[in-house]
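Once you scroll down, you'll see the structures, which are given as structure tokens.
What follows is chain A paired twice: with chain B in the first complex and chain C in the second.
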Partner chain A sequence: MLTIHLSIVVFLPLASGLIAAFAPRAWARWIVLAGTLAVLGYAVAMIVDFDSGRPGLSYATDDEWIPELGIHYALGIDGLNLFLVALTALLWAISTLVAAFKDYERPRLFFFQLALAETAVLGAFCAQDLALFVAFFDLMLVPFYFLIGGWGEGQRVAATTKLVIYTLVGSLLMLAGAVALGVLSAPAGGEASFLLTDLEAASLPEGTQQWIFLLFAAAFLVKMPAFPLHGWMPDGYRATPLPVLVLFSGVVSKVGAYGFLRVVLPILPDGAQHFQELLLIIAVVSILYGSVLAFSQDDARLVVGYSSIAQLGFITLGIFALDPKGAQGALLQMINHGLVTAGLFFIIAVLAARAGGSELLSRMGGIAYRAPVLAGLFLVVALATLAMPGSANFVAELLILFGVLEDKLVYGILAGAGVALAAVYMIRFYQRAMHHRVGTGVDSRDVRGVELVAIASVVVVIIGLGVYPQLVVERSERATVAKVRPAEQVADRGGEAVAAPAPAASGPAPGAGGVPGSRGGQPVPVGPDGQPIPVGPDGQPIPVGPDGQPVPVGPDGQPVPVPPQPGQAP
Partner chain B sequence: MTLVAAMKGPAIDYAGLSPLFAVLAGSITVLLVGLFPGRAVQHALVPFLAGLSLAVATGLAVVHWQTGDLDPIIEGALAIDTLAYGISILCFVTGLATIVLGLRSTAVPETGSGEFHSLLLASIAGMVLLAGAEDLLTLFIGIELLSIPLYVMCGSEVRRATSLEAGLKYLVIGSIGSATLLYGLALLYGSAGSTEFGRIAAAADPGDPLFLTGIALAAGGLAFKASVAPFHQWTPDVYQGAPTEVTAFMAVATKAAAFAVLLRLFDHALASAQPDWGPALAALAVVTIVIGNVGAIRQRSLKRMLAWSGVAQAGYLLAGVVVGTRLGIQATAFYLAVYLLMNVGAFAVVIARERRSGTGDSLESIEGLGAASPWLAWPMTICMLSLAGFPATAGFFGKFYLIDAAVSGDYEWLGVAIVVGSMISLVYYLRVVAVMWMSPEQVELPSGPKRRLRPLKPVTGWSPEADARAQPEVTGVAILMAAATIFFGIVPQPLFDVARDVGSSIAGLG
Partner chain C sequence: MNVDLGILIDPLSVFMALVVSGVSFLIHVYSTSYMASDRGYARFFAYLNFFVFSMLLLVLAGNFVLLTVGWAFVGAASYLLISFWYRRETATQAGIKAFVMNVIGDLGLVLAAFLLFNETGALDYAGVFGATQDTFTENDGTLVAACLLLLVGAVAKSAQLPLHTWLADAMEGPTPVSALIHAATMVTAGVYLIARCHPLFEQAPAAADVAAIVGTVTMVYAASVALVVTDLKRVIAYSTMSQIGYMVLGVSAFAYGAGLFHLMTHAFFKALLFMGAGSVIGAMGGVQSMDRMGGFRRALPFTFVTFTIGALALASFPLFAGFFSKDEILAFSINRGGLYAVLGVIGYLAAAVTAFYAFRMVFRVFFGDEVPEARAAASGHVEHHAPENPSTGEAEDTEVGFPGPEHHYAERSLGMRAAMAPLALLAVVGGVLSIPGVTDTLEHFLEPTFEDSAFIEAEAMPSEGAELAGLAVGGLMAFAGIGLAYLLYLSRPGATLELRDRFAAVHRFLFNKWYFDELYDRLFVAPSAAFGRFGRTVVESALIQGVLIGGPSGLVRAGATLARGVQSGYLRAYALLLLFGLGGLALYFLIAAS
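So, the complex of A and B:
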């Protein structure tokens, strides 16, 4: 195994940014670009080197940082964050490249902030200590605050203030939740620890888990954003400079979803199970609301912005299916969404340059004939966004829907409508921008130069993942399944606990409540053969393999690696 | 002959008292040296001697640093434990910063350099007494020795009406606070039958109405000093009116000393009544957090904004007192140290701009500062982010530690109150950052190249115009404080070690 020092990966951008801040003005952009490219190289090396059969963390670092508070400086890579780190590295490299060819006032400060942002995001993805995660999570906001407020467009200061206050309200609630989690999880008389593994091992009472869950959910849902908490999005997206928006929408929004998988599900399984319905409702409403609004926008940025709300709704849906397939789909969809959003925003920049600087769809149109390369690239991205079979998005959404349909049929059906709506708004976007009548003042040049490089490299990765989604699915399976398992078990146990006292009253009879295997809307876990899952003497369900045989359980209580799940590789 | 035996004086631990002696000796020396005329004496020698005495006092406190719950000296009147020394060192450092910031102040020559620095050192001596007070009498003497010089210093810009107004206002309200405190202390004595903290702790009867009334009055009196709501009304006016270097000193050092005595009085002498005063102080903390943060939102004056923010921060700090645990003491001490860095840094920038911009301490004075002079804008930005509690600054761990203490002490909701306060505070802290970095530069700098500070030149005369030229020492203080804020935001361990030492000074806490 390669020796890769995660600390170098995380802090390399910051180092390059600091050097750039004191270097001659003209050099700043190239120094930061070199830093992001080096991180990208590291990320590719990690993907190649990654051993998907290895349990636990790779390239782990774990040093005591603040013994008084039990905070560790712990970084690590597993299947859950490997590709998110890679996505971060890729999009940052491309965005920095695009930004390097533009003229910004005070370039040293701009590129320093860009680099600081990458360090913060990488740190949040790699952190294996809750306090460290919270620190990086909050730190992300500082550079984006400066980038949007200093180099944004229109009402930038108002927009950035709104954005930061929205997100920080969530973050600070999470800070309180994190401290409470660390303190309350400490064994009686023992030292507190914020290491995620220690927190996973401790089990909190259900009531405590519930209020802490809400604090975390607030932070992550604002960051995504999800439906009722997206108020900052339209203004924020309009004001953000495009290369920064690519990062903010493509990468930063994923940190929230990632937080659910990394922190919430394994540590607060009871809380997650308790609020499962709430989160599923939020997810479905986000999907429908985002899709409908994306269809009705004239501003191309907001089409993508609202479509992001819908896509992140899908991701939330997959996570809170509390099912390994759903979670895997969610993870894959995070990568896909990052890629297609980046592609779309770069394309918007190109389109706007050809429509006299306007990003309104009504000003665009009719350039496909003269700009075939752009049209082709855009078509690939658009089809990927609407989850055309053959794209990785299709695989991801299928996995998510599989995960949901198993237990939560209604949500699955509603979300399925969202898939259709995606086709509606994306095709509208494509038609308005590329075909239709030629807009007044539209200059139909084809894409070239650095923009071509940026869009083409995103498209290459999109196509690559579409051909071979197993790259992500295989490497992430082990970690994802392990993170979802506790909540899944709680969900199953919850169902059993209800069913057990009064088996005669209603029982897990198929047909009750209209849905096979459900009772009064509450799911009852059933094995693949339609039989309730047997319960062990400790009240824990015995995991059953696809063949109906109990799966052997390892000494750590985790089932020994399960054979491939059905539907995992369509 | 028996009379002689009874008159045996108390044993005096001169080594333990040496930091206090250094400051007092400095105060007297500076006053006398200041009598000599001549620019070299007034502008160089006097500040140097004052700074020297503070540096010596700091060194002595470090040398005599000894962890554990030490017996108080002078017949149980004064503690020389780590809590006393730790807070004293904070006051010494603030005093040093004040001297440096005041090198070009108009207040210093108007009062007379010797007098100003002598008053400053006397006030610091009061803080040392207060931080170490183990006896109600020491406490009161400390409070008065701290306050009386400060009243004068607030009014030391004698040609500016607002400065005089600030001095008078502080005098009147401070006296009310002292009177309330004194009344409370008298009741405590009446109930416990002793003025020593140790004996009060032993004799305390939580059911005694006299005792509880005493606690309430004493808390009220100390709340005046710590600007805890609803006893905070003087804070914005006095902070704004006083010369800014005095404001910085008052904001940081007075608060540190006041919280030291709150910790010692409540968590040591009155610890047995914690179930009684705990909820009441917790309620005060919440009220303070809300009032301070909401009050700061409307402010256009930086000094008033920092005053209101200081009220809010007092609310956060109070959480560390409320829980009455060792962790609470450590968190409070930690936050006080961080508070010093952030506030002195911010006030240094205000001083620099106030002397240059001609728009006083209003928000306009820092408009476009990011482009015009990044060496001032960065420290201000870092201090604001730290006050707001962003990670990678010391303020993050300060809040983290306080919330940790609150949650561990079964005051989860107080932790949430701190968090909610921080949310409100973002509005005004981020506004400062936005004004510096995100608005076009409108303020014309009076002279000098934009991006470079002029080298230090001997200042000719004391006119404000001359001050506008160069003040590298003010920028230096700001940069130093900001750098320390970042350093302790990334490597907080040294501060945690000190805080742990301070926490060991009161035994018998959970």
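So, the complex of A and C:
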């Protein structure tokens, strides 16, 4: 196993940005690009080096940061964030490359902000301490505020204000939730800790979990965005410069979905279970509403914007199926969606350059004949977006649907309608842009240069994942399953409160997510399936029933039937 | 959940692969001539080969996931080829329609796979079918649901009711595409699927009954529409739907050998009919309407002979290929009794209609007065019109050179003849593979696949006498249909116009394809477009921007206005405020003290 210091990975972009800020103007872009490429190199090394059989975190860092408040500087990689970090690295490298070939005013500041944004996103993905996660989550807003407000298009000031207020409100709610979590989870008389593993180990009462859940859900749903919290999206997407929008839509929207898996499900399983229906409804409405709006837009950006609402609806659906298959599908779909939106936005840039700068579908058309390369690349991206079987998106949606159908048949079938609608809006988009007669004022020529490199590299990854989705599924399985397990168990018990289970059985510190020895230096025994083995006070494993409850053992070592307790589900 | 890249080779998949690769080879040969002048030549063959790959993947897949991949790839290839001439908006509209309907079918397949996986824990055919007997009782609710979902996939791909509307529009694609994809191979995938999943359908006879009824209804529906449609390619397209209805009835009645036999002979004669139609359309300079055709018998002798052979096989004229295969389905169906006997009788009646519309084409295209194009072709020329979209009459955008500027027909293209001659031969003699009482080569070949079926035992088969009687009835039907067509179109020209005027309402109903397109437009397209408008105007601007954003920001703004109003800067106003404040405080304490 390689020795990789995550702090270097996370802060490398910022360092390159700082150097660029004081370097000669012409150098700034190349310095930042070099930083992003170095991060990409690290990400590839981590994927190659990653051992999917290894429980817990890799390349973990854990130092005390603010001991008075129990805040740690803890970073780590596991199957859950490995590919999100890689997606971040890839899209940042490509976007920075595309931006480097454009002329922006005040380039040093622009590229510094771009680099700062990468550090913030990487930090949010790698953070293993809730306070640190919140800090990076909010830090993301700063560079994007300046990038959209300073270099945006059209109604950028109004759009930025709306975006900032929306996300800031969400962030504040999450901050309150995080503080509450830390304080309320502190053992009586003990000190608070914001380490995710400690928070997972503490089980809060059901009622507390519920309101804290709502605080987090608000922040994450705004970030995605989901219906009806997407009010900032249309204006925000229209105002954002395209290379920045690739990052904002491709990566930043995933931080919200990731937050559900990393923070909410393992720490607030009861809350998640309690609001499962609500979140599933939001997901399904987002899918259907986003799809229908996507095929009634004329603005190409908004076609992709509303389709993102639908796609993120699928991701939410998978997460809140509270089922390992659904969560794995959701994680895979986060990667896929990041790739296809990036491809689509780069393609929109190319299309707009040929349609006299207009991004309206009604002004495009007919360029497929003279731009066959672009048509081919676009076709691959479009088919992947509509989850063509044979693409990784199909695998992801299959997993999501299988996860949902198991317990929530109706939502699965409604979401299925979204699959058909996706075909409508993507084919419509493709045809309006590439087929029919050549629009007036449209200059048909093929894609070349840096844009070709950008789109082609995204397409190569899309095809690669389509052929071998196992790359992601295999490496992410252990961590994802461990994150869903607590909420799944609550759901399987029919929502019965985990009132007072034996501490050993529910203090899960799931093997795959915990920093080994993080609390009391006790290693957590792990079963062959990566699940923690409950240990009795004597250090002997406790037999666990299929429902996760300890099975009482008689003196002869045989399980003893227990009379059902009142108020407990059989 | 574990999915392998599993390939299954058994007699059924070998049979399908042979039909697919054989017919597609001939159609490639045909296309080298037919598409020669088209500027999309390379793209055409790239798509065509992508289709063949996908179709082979579909028939060779060893599990439901790989099947779905092949299933969807075939749909995508079909989409690409339907909108091949993408400068025509009718072609792109047809493409999107076909694609979306096929996605609905894919979805059915995925959901069915889920239900089967959930119950049996397997996704590969061997695992699922092996567990079927033990997992499900007969007509188990879940199994019936799974079979019906499979049927959704089959219906979408095979253009059966109610997901059939895309096939007629798919005729926007080049004619070789219609011959290969929309007649001989892809659209028969639904039949293959039912045959492949026969252990499921036999355990869920209720679902098989539904499939048989769907097939029969489609058979009658499509035959009725084929009576009145005037676009030559669309007549053949409706005929395809109708013939697939026979096959679906066959495999749903568990007459697998018969259904697949008809699939094979149909692939021969229907590909041949489309190739002949392509030749005629070439000679017409791209015109597809039968209203403008006539008298091509002398100008296109080769096309005339081969097309007539195809029509005779389609009409199941005695001893031609379709004669044996169609009657085998119907004899088996009647032999099963009950519902299937009724469906079989309907099938015989539809056979007469089939014979009628088959010869309606022959008589209208090749007989009667020679049109100018026919005279030109007789002297070795092609009448070139200003290029126009055959379905709308709109002037074509010729900037990019497709459809190609030249037109080709069989009499002048070796490649086209080379493809049509073998098919004509097969349409004549293809029936020898299974003549009642003489040969059963095909059934014998397929037996290993269906040996677990209860319906291949000798007692499930109709007796030889019944089969021969069926053949006699089928032959009579063919004679009746052809004779009627002869009467109406050749011996009393103009009789059909009288009929049309007398039954104008019926004609309008049939001509508008029973108004299915209009119905779907009302039910799905218009409401979702309206919902999109509603979402854009009302939800987005009023609710999201107005209430959710406007509400809170309005509140803040109102509060700010209030506070700003108080900060007027006038000393007297502040003094007044102070006074009020003090008064209020005093009042409060007085009340509190009392």
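Definition applied: the second predicted complex is superposed on the first by the 494 of 570 C-alpha atoms of A that agree within 3 Å, B and C clash if a C-alpha of one lies under 4 Å from a C-alpha of the other, contacts with A are read in each partner's own complex, and residues count from 1 in each chain.
Simple rule for what comes next: a residue touches a chain if its C-beta (ideal position, glycine included) is under 8 Å from a C-beta of that chain, and two chains touch if they have at least 3 such contacts.
Source: prediction; values computed, not measured.
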Requested in this report: Using the touch definition from the top, say if A:Glu406 reaches chain B (first), chain C (second), both or neither.
Outcome: second
**Report entry** chain B versus chain C as contact partner of A:Phe11, first or second or both or neither
**Finding:** neither
Query raised in the report: With the two structures laid over each other on chain A, which partner does A:Trp30 touch: chain B (first), chain C (second), both, or neither?
Result: neither
Query raised in the report: So, does A:Arg106 touch the first partner chain B, the second partner chain C, both, or neither?
Result: first
Requested in this report: Report for A:Tyr73: first if it touches chain B alone, second if chain C alone, otherwise both or neither.
Outcome: neither
Query raised in the report: What part of chain A is shared between its chain B contacts and its chain C contacts?
Result: 165
Report summary line: Residue set of chain C touching chain A in the complex reads 1, 43, 65, 68-69, 71-73, 76, 79, 83, 86-87, 89, 92, 95-96, 99-100, 103-104, 106-107, 110-111, 114, 117-118, 397, 399-400, 528-529, 531-533, 535-536, 539-540, 543-545, 548-549, 553
Report summary line: Contacts from chain A onto chain B in the complex sit at residues 65-69, 106, 109, 131, 134-136, 138-139, 141-142, 145-146, 149-150, 156-157, 160-161, 164-165, 168-169, 172-173, 175-176, 179-180, 182-184, 192
Report summary line: Contacts from chain B onto chain A in the complex sit at residues 330, 370-371, 385, 389-392, 396-397, 399-401, 403-404, 407-408, 412, 415-416, 418-420, 422-423, 426-427, 430-431, 433-434, 437-439, 492-493, 496, 499-500
Query - Sites on chain A touched by chain C in the complex - result: 162, 165, 228-231, 234, 289, 292-293, 295-297, 325, 366, 368-369, 372, 383, 386, 388-390, 394, 398-399, 401-402, 405-406, 413, 416, 419-421, 423-424, 427-428, 431, 434-438
